[in-house]
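Letters A, B, C and D mark the chains in the order given here, with residues in each chain numbered from 1 onward.
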Amino acid sequence: MSVYDVLQTIVPTTIFFAAPLIFTALGGVFSERSGVVNIGLEGLMTIGAFVGIVFNLTFADRFGEWTPWLALLAAMVVGAVFSLLHAVASVTFRADQVVSGVAINFLALGLSLFLVKKMYGKGQTDQIQVGFDKIDVPVLSDIPVIGPLLFSNAYAPSYIAIALAFVSWYVIYKTPFGLRLRAVGEHPMAADTMGIHVAKMRYIAVMISGALGGLGGAVYATIISRDFSHATISGHGFMALAAMIFGKWHPIGAMGAALFFGLAQSLSIVGQTIPFLKNVPTVYLLIAPYALTILALAGFIGRAEAPKAAGTPYIKGKR
Amino acid sequence: MEYVIEMLNIRKVFGTFVANDNITLQVKKGEIHALLGENGAGKSTLMNVLFGLYQPDGGEIRVKGKPVRITDPNVANDLGIGMVHQHFMLVDTFTVTENIILGSEPTRAGTIDMKRAEREVRELSERYGLAVDPTAKIADISVGMQQRVEILKTLYRGADILIFDEPTAVLTPQEIRELMQIMRTLVREGKSIILITHKLKEIMEVCDRVTVIRRGKGIATLNVAETNPNELAALMVGREVQFTTAKKPAEPGKPVLEIKDLVVKDARGIKAVNGLNLTVHAGEIVGIAGVDGNGQTELIEAITGLIKAESGTIRLNGRDITNLPPRKIIEAGVGHIPQDRHKHGLVLDFPIGENMVLQTYYQPPYSKRGLLNFQAIYEKARQLIREFDVRTPDEYTKARALSGGNQQKAIIGREVDRDPDLLIAAQPTRGLDVGAIEFIHKRLIEQRDRGKAVLLVSFELDEVMNVSDRIAVIYEGNIVAIVDPKETTEQELGLLMAGSKRKEAGVS
Amino acid sequence: ACGGQGGNNAGGGKDTFSVAMVTDVGGIDDKSFNQSAWEGLQKFGKDNGLEKGRGGYDYLQSSSDADYATNLNKLVRSDFDLIFGIGYLMGDAVKEVAKQNPKKHFAIVDTVVDEPNVASITFKEHEGSFLVGVVAGLMTKTNKIGFVGGMEIPLIEKFESGFRAGVKAVNPKATVEVQYAGAFDQADKGKAIASSMYASGIDIIYHAAGATGSGVFSEAKDLKKKDPNREIWVIGVDKDQAPEGEVKVGGKTYNVTLTSMVKRVDVAVYDTAKRAKEGDFPGGKTIEYGLPENGVGIAPTQDNIPENVLKTVDEWKQKIIKGEVKVPTNRKEYEQFAATIK
Amino acid sequence: MKSNRLQQFLIPLLAVLLGMIAGSIVMLASGYNPIAGFGALVYGAFGDTYYIGETIRQTTPYILTGLAVAFAFRTGLFNIGVEGQLIVGWLAAVWVGVSFDLPKIIHLPLALLAAALAGALWGLIPGVLKAYLKVHEVIITIMMNYIALHVTNAIIRSVLSDEGFKSKPVKESASLHSDFFDAITHHSTMHYGIFIAVAAAFVMWFLLERTTKGFELRAVGFNQHASQYAGMNVRANIILAMVISGAFAGVAGAMEGLGTFGNISTKAGFTGLGFDGIAVALIGGNNAFGILLSALLFGALKVGALEMPSSAGVPTELVDIIIALIIFFVASSYMIRWLLSRWQKGAE
């Protein structure tokens, strides 16, 4: 294979790997920027995957080609509602946010499998029939060299993920909402004295993370697994969490980190086909993505500062 | 008489503790009204009630004659009440402008109109003479400028009743003078001000009237023109207070701390201490006077081993301790009352008793064969709590629950008790009331009289002049002058601190 | 949904034969061997007028490896006459529990447990894989074929080696690219591997990777949908995976499943239960299900395979049955096998 | 407050109760009989000696993973890597267990030590990166989990077996198997590991609360600046904390390798014991005694759940829902405290 051929497999793989992680990591950014630690991302993805598939299976006949899109929407809504539990526990009831996040993970898996068994009488759903198509972006895919790399054989949600990273950046850094969000996460009392409703902001942020986590899970299930079972989301939420921290709680950084994970994964896969790596035992390629991440963090990314108030419930009048 | 603010019989209870017990405070339009009281008297609580952060459990609030219910800071803002908090309410990672506009951002098409915001901030700051850089990050600016940002925040919202909660505790003398000027300007512009401070001089200087509270109860409201500091102090503490601590002349002995050509870089890699030389002898208190940010912090942290010195030497009793690990330096005989008691001084979530052995827990009798001896630890704690009058329910109470003054007393007790040859005291009385200050000053002098060397760093010229035997003026990382407190004036010190040269008095 | 006949069918004088199985974490609807085993058991139950539950036929699902012994024991204590452990991972647990309960009958699928009261059921996956290898070897247009394995374990190596031998036997020019995903539950890796394989010109992928294989199907279907004329195939595993391969493009239905290598766990389970009921329990024996027993083979759905290919497949099948060809079960044997071809 | 002590016990208890009530509502709403469901759950966990044995067996690793997570928490670190540390501990224990012929008195401790060391090594890496480069331990430990999984599988395949999927059984001299427990619990898989786990809980309590080193570790966990100021070596303590946490996790792996399974096979995925350990630690209030109880609760729920489908027709997933609800209620103890105070006021 020529280098270009290699790139042509690596780049699209990188992007589709990364897309669900990007959505979810962005959700994490919103939540943690508001001061609510969210290790429930795994559970939010699980719920999203579940809703995405169930909606698709239920309504495919009615909505036809629109089904997967509506399924994503449904996953976002349910994800947001589900994340309310985390918000209520950690904002209103001042629960330890890590504990509440762990509970979200347990609940999501238990509840979705329970419902699958209830609804279908078995432990996993059927395969969906209507998914997202691989598309060539008109015009852009005709650009020489980068067109085929970046704009063909890809899925629309992948582009949405990347676009959303920029939208999130804009929202967080350029709008009043974003300014208030960050203020609440850095110094909730200061925000409070400026008349910003801390609890409300945190609720909104957690629900955004629910919506985006749900979206990430649904995108994963719709494009990749096409059904839902106990194994559909296995560790992806934690990878998204890692991407968020790796990206220093910044939307573009989180996207970059997710893409890096995708790249590392696809390198390890393509690596198996590269002649001089062929004789390397498989295990090295399997651990390569994770080892690369550690090296990257240790080597040049360095330390990251979490939002100052992340993890602490805000209690009015407490110093 | 027209009152802009009337707080009538305000009552505020935390659990079973009555923080405000039927306090009445009436503020006239256009006056600067001081609120005076010991640490924990309930001043901040009362103001937080006025600002809508706390809901009162009883009493009535009237603004401009109208009864109001201030349910949250938004309501206060709408009523024209603004507050500069005791602990700054600024987001470190934001710019000056972002902090000011937070919550009422000017927008264009949904986006923050940062250009316009910066312009407005600049205009406002010019109008009231509050010099700030609208684009600077809070983390990068001086405490004085941070305070001006706090003031601008209230003005930006159109406040005409301003509450200042201990604004001067963290300021340098120059900054304090500037602030006084600003307050006078504000009053001229028709604003009314409530000022909380422990510094009686300031009250005498700018205030029109003063309300004194003690242990949550209102004691008196006086016209400043008709009272004096002694009366105020007595009202506030309930007994006579001495402002200048009596002390014998110093009897300096051998050099204890000798610093030669010390260079220390700050976090940003700039030389904050730049070839500094200083000697402190046994039996003397050397005060370091200087404007914040001239290398005081780095100097102390280098002596105590918290940051590395680039070059130069630090000797203790003749022994080189430069860049030793903190523990070695502590063991060599250095005690340190840190500037930031919450960050460095205490493990807030440990019982106060365990905080008393924070440096010595591994030594006998507190530790035996790797095991803690709680009996010995708490015995020591009880002794210190008694000796240093630390007010705490018991020695098992978390340090977090103690008031600032009592936390400070605990730290001082701990450091003094280790009997170090050199005691470094950084801002030891910041934010404390006159009673507590008196206590702490006595302890420092006591150490001196026992033949110890004391290095005092303070932004309070009063304190430096009262307590020190020699004053070293620090400017841009260097000691630029050493003066005798009995032979100098605040004016002269102020000039030196601002960098103007002085020929005499050999720089050691 | 409340289990109709609660729990008090306690042992006692039984007149019916009861049988149960323990699944691994996949559960009875994993579209793979657990499901197949349960189908066999259900059929047995139906044919013998048994009811689901204690005293009839039943299953327990494990939620982790640690549950195997617990679940087997539970079934022992519920007094089932024959108890199946499904999957090679359960070998140790079956051995342990069988030793503790020498009067009970057990059966283990996919591995061998050497105890007098355990019947071991294994499959000659390599033989079935050989046949689908023949299909792939004959049908590839690019002479590039892929194999995606779940984890690199001896069981999956049987699939790999048999498959490669099959390809080699009919098309020595074709290369088989082998990749292991390292897991049976990572559809994203399956998809990525498939994507990379199809992009490199591979046109047929045989997967033995459980849920990781869903990713292979997903990629193949997406490619097919984009370009219905492209010849792109997946060979399924364990069950007839034709339903997984269906893809609709503009009203027309295609199927990317070329065929599947089926492993008739259901048949084996049914047979063993039947023999036990009839007093012919093959305790202490290992029963190997290969081509002659119809224990492995190519799936009934063969619409995408031309007649002549099927004929060749059948020829090879006969050769294997007759013992003329010995299908390799691991890489070493494959190397020897390959050496005889050129 | 006088009732503080009482509340400390009351709150988790109420949380469990509320979780059960909520679980009943879920069961009712989805058409199951909660009495039958919980009956099966309790029977499956404590119904007779066999079930009790299984529950204790399941509790054993939970205690240790709970301790591992809690130890890190107490020292200001979030160790999501317990899972990986457990896996390498399991591997090391089995490796030693199959490789030597030694008297039991040496062999068994040696295997346990190997597990602890392996877990410690897996904790050392994130510890060092955190201490020296300030890299967030959460990411590193997540990555280390995957590395542990794949590396362990490769070693089992290539070193501990002949291209196979599992190791030989550990020698009798390194086994935790107990004929005595086997006999009294009707062949449950309960083994001597429970003693080690309970001892480990004591060790953690003793180490943190009674030793000088524990004082340092806790101080660094609460306030690194003050600890450094007081002369403690912050970096060394961070590393030590991760190492000890990892060692607990490694020993948890030994429980599986030398006890429950007696060998190691390649893993298709994580065991879940490490992740569950987070919940165990948190429900147990990160304190050694609390963890013993919460591990028992977890063990009972997990083992009892296996009985639910067959005798009450309730899917096992319901137990995950109940566990999640219990965690929520424990986490929201503020709410319970508030309810309690309302109730107390009402009673007065």
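Operating definition for what follows: a residue touches a chain if its C-beta (ideal position, glycine included) is under 8 Å from a C-beta of that chain, and two chains touch if they have at least 3 such contacts.
Everything numeric in this text was worked out from a predicted model, so none of it was measured.
Enquirer: Which chain pair racks up the highest number of C-beta contacts?
Expert: Comparing chain pairs, contacts are most numerous for A-D.
Enquirer: Taking each chain's centre as the mean of its CA atoms, which one is farthest from the centre of chain B?
Expert: Following the centroid criterion, the farthest chain would be C.
Enquirer: State, to the nearest whole Å, the distance from the C-alpha centre of chain B to the C-alpha centre of chain C.
Expert: Using C-alpha averages as centres, the distance is 75 Å.
Enquirer: For chain A and chain D, what's the span in angstrom between their mean Cα positions?
Expert: Centre-to-centre distance between chain A and chain D: 28 Å.
Enquirer: Cα centroid separation between chain B and chain D, in whole Å?
Expert: 46
Enquirer: Starting from the mean Cα coordinates of chain A and chain C, work out the distance between those two points in Å.
Expert: Once rounded, the distance between the two centres reads 34 Å.
Enquirer: For chain C, jot down the residues that touch at least 2 other chains.
Expert: Those would be 61, 152, 182, 184-185.
Enquirer: Residues of chain A that touch two or more other chains: which are they?
Expert: Residues 231, 234, 282, 286 of chain A touch two or more partner chains.
Enquirer: Two or more other chains in contact with one residue: find those residues in chain B.
Expert: none
Enquirer: On the basis of the stated criterion, which chains touch which? Give every pair.
Expert: Every touching chain pair, ordered by label, is A-B, A-C, A-D, B-D, C-D.
Enquirer: Applying the document's contact rule, which stretches of chain B touch chain D when the two form their complex?
Expert: Within the complex, chain B touches chain D at residues 304, 306, 325-327, 329-331, 336, 338, 343-350, 354, 358-359, 361-362, 367, 370-372.
Enquirer: What does chain C use to touch chain A in their complex?
Expert: 25-31, 61, 152, 177, 179-180, 182, 184-189, 191-193, 195-197, 199-200, 211, 214-215, 217-218, 221-223, 225-226, 243-244, 246, 248
Enquirer: In the complex formed with chain D, which residues of chain A make contact?
Expert: Per the stated touch rule, the residues are 39, 85, 89-90, 93-96, 98-100, 102-107, 109-111, 113-114, 117-118, 231, 234-235, 238-239, 241-242, 245-246, 281-283, 286-287, 289-291, 293-294, 297-298, 301-304, 306.
Enquirer: State the interface residues of chain D toward chain C in the complex, per the touch definition above.
Expert: 31-33, 36, 50, 54, 57-58, 150, 153, 157, 163-166, 169, 182, 186-189, 256, 260-263, 265-269, 271-272, 302-303, 305-307, 309-313, 316
Enquirer: For the complex, which residues does chain D have touching chain A?
Expert: Spelled out, the residues of chain D in touch with chain A are 26, 30, 78, 80, 125, 129, 133-136, 138-140, 142-144, 146-147, 150-151, 153-154, 158, 269-270, 275, 278-279, 282-283, 315, 317-321, 323-325, 327-328, 330-335.
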